[in-house]
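Take a look at these structures.
The following pair of complexes shares a single chain, chain A, combined with chain B in the former and chain C in the latter.
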Partner chain A sequence: MKRRTFLGGTIAVTTLGLASRVDAQQPPIKIGMSMPQTGGLAGGGKASLLGIEIWRDDVNAKGGLLGRKVELVVYDDKSSASETPAIYSKLLDVDKVDLLFAPYATVPTAPIMPLVKQRGLLLMGNFSFQVNSKVQHDMWFNNAPWGPPDSWPDSFLEIAQKAGAKSVAFLSADQEFAQNLVVIAREVAKKRNMPVVFDQAYPPSTVEFSSIVRALKAAKPDVVYVSSYPPDSAGILRAVNEIGIGDNVKVFGGGMVGLQFGAVMENMGSLLNGVVNYNSWLPEPKMYYEGTKEFFDKYTKRAVEAKVDPLGYYLAPFGYASGQLVEAAVKAVGSFDQKAIAKYLHEHEMQTIVGPMSFGPDGERKENAVLQAQFRGIVDKNIEQFRSPGKQVILFPEKLKSGDLITPFEAARK
Partner chain B sequence: MNRNGILFWIGATLFLAAALLMTQVIGNQYPFFAGYVILQFVVLAVAWSILGGYAGYVNFGTSAFFGVGVYTAVFLAKAFGAPLAVQIATAAAIGALMGFVLGLLTLRMQGIFFSIATIAATIVIETTVTNWRYVGGAAGIQLQRPMVTAPFDNYVQMLFFVQALLVVLAVAISRYIQNSWIGHGLKALRDDELAAECTGVPTLRLKLVACVISGALMCAAGAPAAMYLQYADPSSAFNLNYSVSVLAMSLIGGTAHWAGPIIGAILLGATQQLLTVTISSEVNVLVLGVMLVLFVVAAPQGIIGLIRKVRRHRSEGEA
Partner chain C sequence: MFSFDLLLDAVAIGVLLGCFYAAVSLGLSLSFGLLDVPHVAHPAFLVMASYGVYFLNENYGIDPLLAGLLITPLLFVFGLVAYRIYYETFEKRGSDAGVRGIAFFFGVAFIIEVLLILQFGVDQRSVTASYIGKAWRIGDMRIPFRLLVAFAVAAALTILLTLYLSRTFMGRAIRAVAQDQEALRLMGANPIRIKQWAFGIATAVLGIAGALLIIVAPVEPTLDRSYIGRTFCVVVMAGLGSMAGTLVAAIILGVAETIVLTLFGASWAPAVSFGMLLAVLAVRPQGLFGRRS
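For the complex of A and B:
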């Protein structure tokens, strides 16, 4: 080795060592959030948090954000709106976090929207629904695939109309998310000239649905749009299984919450067959992007330890994607300046493990990426079956389609 | 006014002055966010204790009154853009009316039946609000805060001070009741309602008075919560957690004296706030239950009872 090369090498190594020591001494970059870890939203909240934690570990393994380690500051908001204002004030005024993530779901997120707007802060949304429509904060970015508010029920009714459906029935739980959905679905039905022949909301505590399903069957609708919560989703499908829904129903489902979670799906088993329902991510071939497979490999291992949804399709990859959005934007703008990050996110299409994301002026996704998928060939008591493709065939969006609708519903159930 | 009365009002004035001073001196927002919640629980616990403590009628409907307070404010803000003071005053009036009607309907039932009836009232009212689209229905409603008025430069600081005012009001009323004929009558009917009735205590009327005052204060405490959260949804506003927490606070503090619920609310409220930002997990929820069980077993009269016991022992020892 030449003396000069040796000298050069030594200097380079020393400088690098010094530089990395400077990095190590830099304080970590703190990302603050509340997350439902107890109460009704806890199941989803915990899975979502695990997704974000996997991102944190990945980014730290790569050297952190601009050379600073990422640290998460997380508090439990008990799934309640009344807890989040104090928590976010603590995050900002006491913990002095650098960036904010929103908690999972609409209810805990709603009270912090005015706060972040007042203080001009970036907030990465987590599966809330139209929470920014009144506040109109221009530094809000929702990771959920919903897109424009009417696009979601619209895709379901479009599938139904293509299958020849004319009249529609609505069955909805008297709860926040379900009502949000059905209000929009009614407008969509009107726009599509589909007469509503049955429209009933039931109290959230309802467990016995046979009388409702009988009344629904008597109305002879062509399509049944259900927006329900996990316990009632199960109750409704059981009642449908016992009583039947009639041969004219071409498509059944739409907005049933719960049919995205491993434990619920395992419990329902073959009752799911034929139901067309919304989802956010499914193990169909076209759904894999760069890093998706690696993410689920890690998630599956850690889910057992964290005691969360073993499948984790619905929320966890989107938590990871939130981290990816921040990571890419911070790297691109070269700082933690929240205004610059927001500007970058507004102007660029971002690549994530759940596909490309681009945001409209309201911070919601520009394009509707909510999947409508039909359950096929499901057997009882087997959670592993949901990991293989073909069990939930994607019917919408067109570019991700993995099969065609089987109709009518009674035929698809067999 | 006797010596105790003067001391009480000096204490109350000092408390309000301290609260006002805090809003002017402290720039950090978190103490006001957390402090607001604790003060809110003080008002609720003191209000609960008027019927639950003095009269021994266990009311599980705190969340119903609280939620009605929240939604009264929501309605007034949306329909008329009413200022905070009007929201609170109207909520108190509606709370009083609600207490009166609920009292008339349920106070003839005794013991556990009254408690069950109050839970039922919560469910009925929550379902009604859930289906009332004008105030957001099941989906909830977001609210815009009006401009803050001087001397405060932040709305949450103002709400903190308003809640401090409500604390003083609630405690003053509770203290008055305890020392007046109403309190003596309520105590008599708590010990033995039949005997009290026979000796000429107008039991139903007294219970109604307690229910009306308690209801008015609970609703008033709920009204500022709408602007505190800038959001209202039925499941959060009518959360059974309010009923359970307030009951636990009153019992842990002790219901025999007006100071009991204050001690209980500060102790438990502060613990809850602290746990939320420290342990922050299921343990948080567990603490309330464990503390309640411990106190019911070890100190059924609450902290006030414990203090009295210690004092009695000491005076006996001296004698």
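For the complex of A and C:
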């Protein structure tokens, strides 16, 4: 009797165990990608990869995808466009991966678009900007919240116009991404009948911004749209703090890259106050969805070991969301057929830890979900302050709004 | 749109910025200008010194300028060792040492970059001090204090180095080795030891120059690449080995860059700087303050 009970119990436990764990008999599902882990994009790339790894661990703990364990095959692309075509060819022809994720950012992603289109493969994009506009691949899905191309500067200038701004100044880095952004911003300003009173591109090697800021101030614009990279963002804000920007400037910021990363924000400290800038996720009350808090609990612990951005707001949850999109689509179609997965992603709204996502025919998000937020009450050398709500008040989109604009800019800086 | 106020402002900021360029170029004027060492790792040494200043400021709250002075002896020793390795492995071996020397210093620069990334990460680092983030107001004009600090320190460094090279025994020996190494050897002096000492001084100067670099703007490990062209441009335009010339050339470069940035469009600034260098070399191949050989 005792023996029978033991045997029965053993069989039951084993059966349950097999049902709840990944099927060891089947080969794992391999998801291949390159990721910038050295070079200029490494800070963002490492945080993004950690987000995807957390999703992998979560999905494997739940039994994998259709009972198969998920395995990531990742190579360092050194933030370089010249590396990615060879890496993705290797992923497909040597590693024989089942699905592809794109690397973080526009530059490493752009050269692999013709390859994936030619081979008819699904590609989950990772914060690239308009890489599919010319290729027109119908199996591309960008996890970034950009929406239509003009939505990014449009929401910023809309906020400025509501605050009474009439004229606009543009200050932009003389590099591809910043110039793409400012070209669109000029078109938006024209549509909104906002005269441009200052428009200057500066070389990436610029050391000192005092004289540029002085010239900008002399033009007396109502709104200043800055499209800059991290080293320049710090220099511009420092010069604005010392030289001043004029009492008539109602809104300042827009497209400043770097102000989304923990270390850069900690470095700039109180210089950030009053700046209105784009972002993707912030710890404001309306930004939490199912699983968001749990994700950041895990990320915060693992970021210390991985030596990546301790906050990880900008990219990491979107890496996790890419995994969630694939997970939901694979479960719904019941196979790894890439055409079926792409069809499902085009036709359905998906729930993720960064909110609902739905895609247009070009694979970009249907709605503009780029946040415009204003820095408030920031003190120097304190990264922990950015974990609290109210430090980056969301002004746009309306449904996620967590406060009103403080204007003019000089008043908001105090 | 031309404005006299803007022009005046641009000239003032340009002079201060030029003094900062002089401070970061003085060491190179000594190592490349006087000693003829193709020291392309000079900006990497400079960024490394900035990280030393950052470390002391961040962990012990030491003022950046004082921190720059504190690391100066360490940099002097580092310079002595670096030159000895360069001499033993490259310079000693033959006539093509110059070309191989460039490869050596490029290698050293990349190693420094990688070590800084491993130790401090890829993010920007900055320092705090009472004079950073404030400005001196004169009418409508505002001059950032950090640039005034750069101006004062660059002027002091230039005077000290000029006095050292002209009034001390070792300084005169360095100038002698720059003019005729063989003659010095015939007089019983060891030119290699003098060159090693001079390279140590050139590296030690970077302690205070590195402090200025991180006072003026945040630094990151690959920042040295932005300074290679600028520092060599200043030294060559000045005339190799002239300390006062380095200050004047750097001020000319700073003013030209700032006027172009302010009044003609920022994209032209680098082209104008290097255009000026070419123009100076066409008229005076020995540089503004160099002697005809």
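As a working rule, the second predicted complex is superposed on the first by the 392 of 414 C-alpha atoms of A that agree within 3 Å, B and C clash if a C-alpha of one lies under 4 Å from a C-alpha of the other, contacts with A are read in each partner's own complex, and residues count from 1 in each chain.
Simple rule for what comes next: a residue touches a chain if its C-beta (ideal position, glycine included) is under 8 Å from a C-beta of that chain, and two chains touch if they have at least 3 such contacts.
The shown structure was predicted, so the numbers you read here are calculated from the model rather than taken from an experiment.
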Judging by the criteria at the top, classify the pair chain B and chain C on chain A as clash or fit.
fit
Touch test for A:306: chain B only (first), chain C only (second), both, or neither?
neither
Once chain A of both complexes is superposed, is A:76 in touch with chain B (first), chain C (second), both, or neither?
first
With the two complexes superposed on chain A, say which partner A:178 touches: chain B (first), chain C (second), both, or neither.
first
Which partner does A:215 contact after superposing on A: first (chain B), second (chain C), both, neither?
second
If we overlay the two complexes on their shared chain A, which of chain B and chain C does A:261 touch? Say first, second, both or neither.
second
So, does A:235 touch the first partner chain B, the second partner chain C, both, or neither?
second
Return, as a multiple of 10 degrees, the angle whose vertex is the Cα centre of chain A and whose sides reach the Cα centres of chain B and chain C.
50
May I ask you to decide whether A:328 touches chain B, chain C, both, or neither, giving the answer as first, second, both or neither?
neither
Looking at A:380, would you say it contacts chain B, chain C, both, or neither? Reply first, second, both or neither.
second
Check whether A:203 is in contact with chain B, with chain C, with both or with neither, and answer first, second, both or neither.
both
So if I take every C-alpha atom in chain B and every one in chain C after superposing, what is the smallest distance between them in Å?
5
Starting from the residues of chain A touching chain B, keep only those that also touch chain C in the other complex, and list them.
38, 174, 201, 203
Give every residue of chain B touching chain A within the complex, in rising order.
28-30, 32-34, 36-37, 127, 130-131, 137-140, 142, 144-145, 156, 225, 228-233, 235-236, 239, 241, 273, 276-277, 280-282, 284-285
Of all residues in chain C, those that touch chain A in their complex:
1, 3, 5-6, 9-10, 13-14, 17, 20, 117, 121-126, 128, 133-135, 142, 144-145, 147, 216-218, 220, 222-223, 226, 230, 258, 261-263, 265-267, 269-270
Can you name the residues of chain A that touch chain C in the complex?
38, 40, 42-43, 174, 200-203, 205-208, 210-212, 214-215, 218-219, 230-231, 234-235, 238-239, 241-244, 261, 263-264, 267, 271, 307, 380-381
Spell out the residues on chain A that touch chain B in their complex, using ranges where they run on.
37-38, 74-76, 78, 80-83, 85-87, 89-90, 92-94, 106-107, 110-111, 113-114, 131, 134-135, 174-180, 183, 201, 203
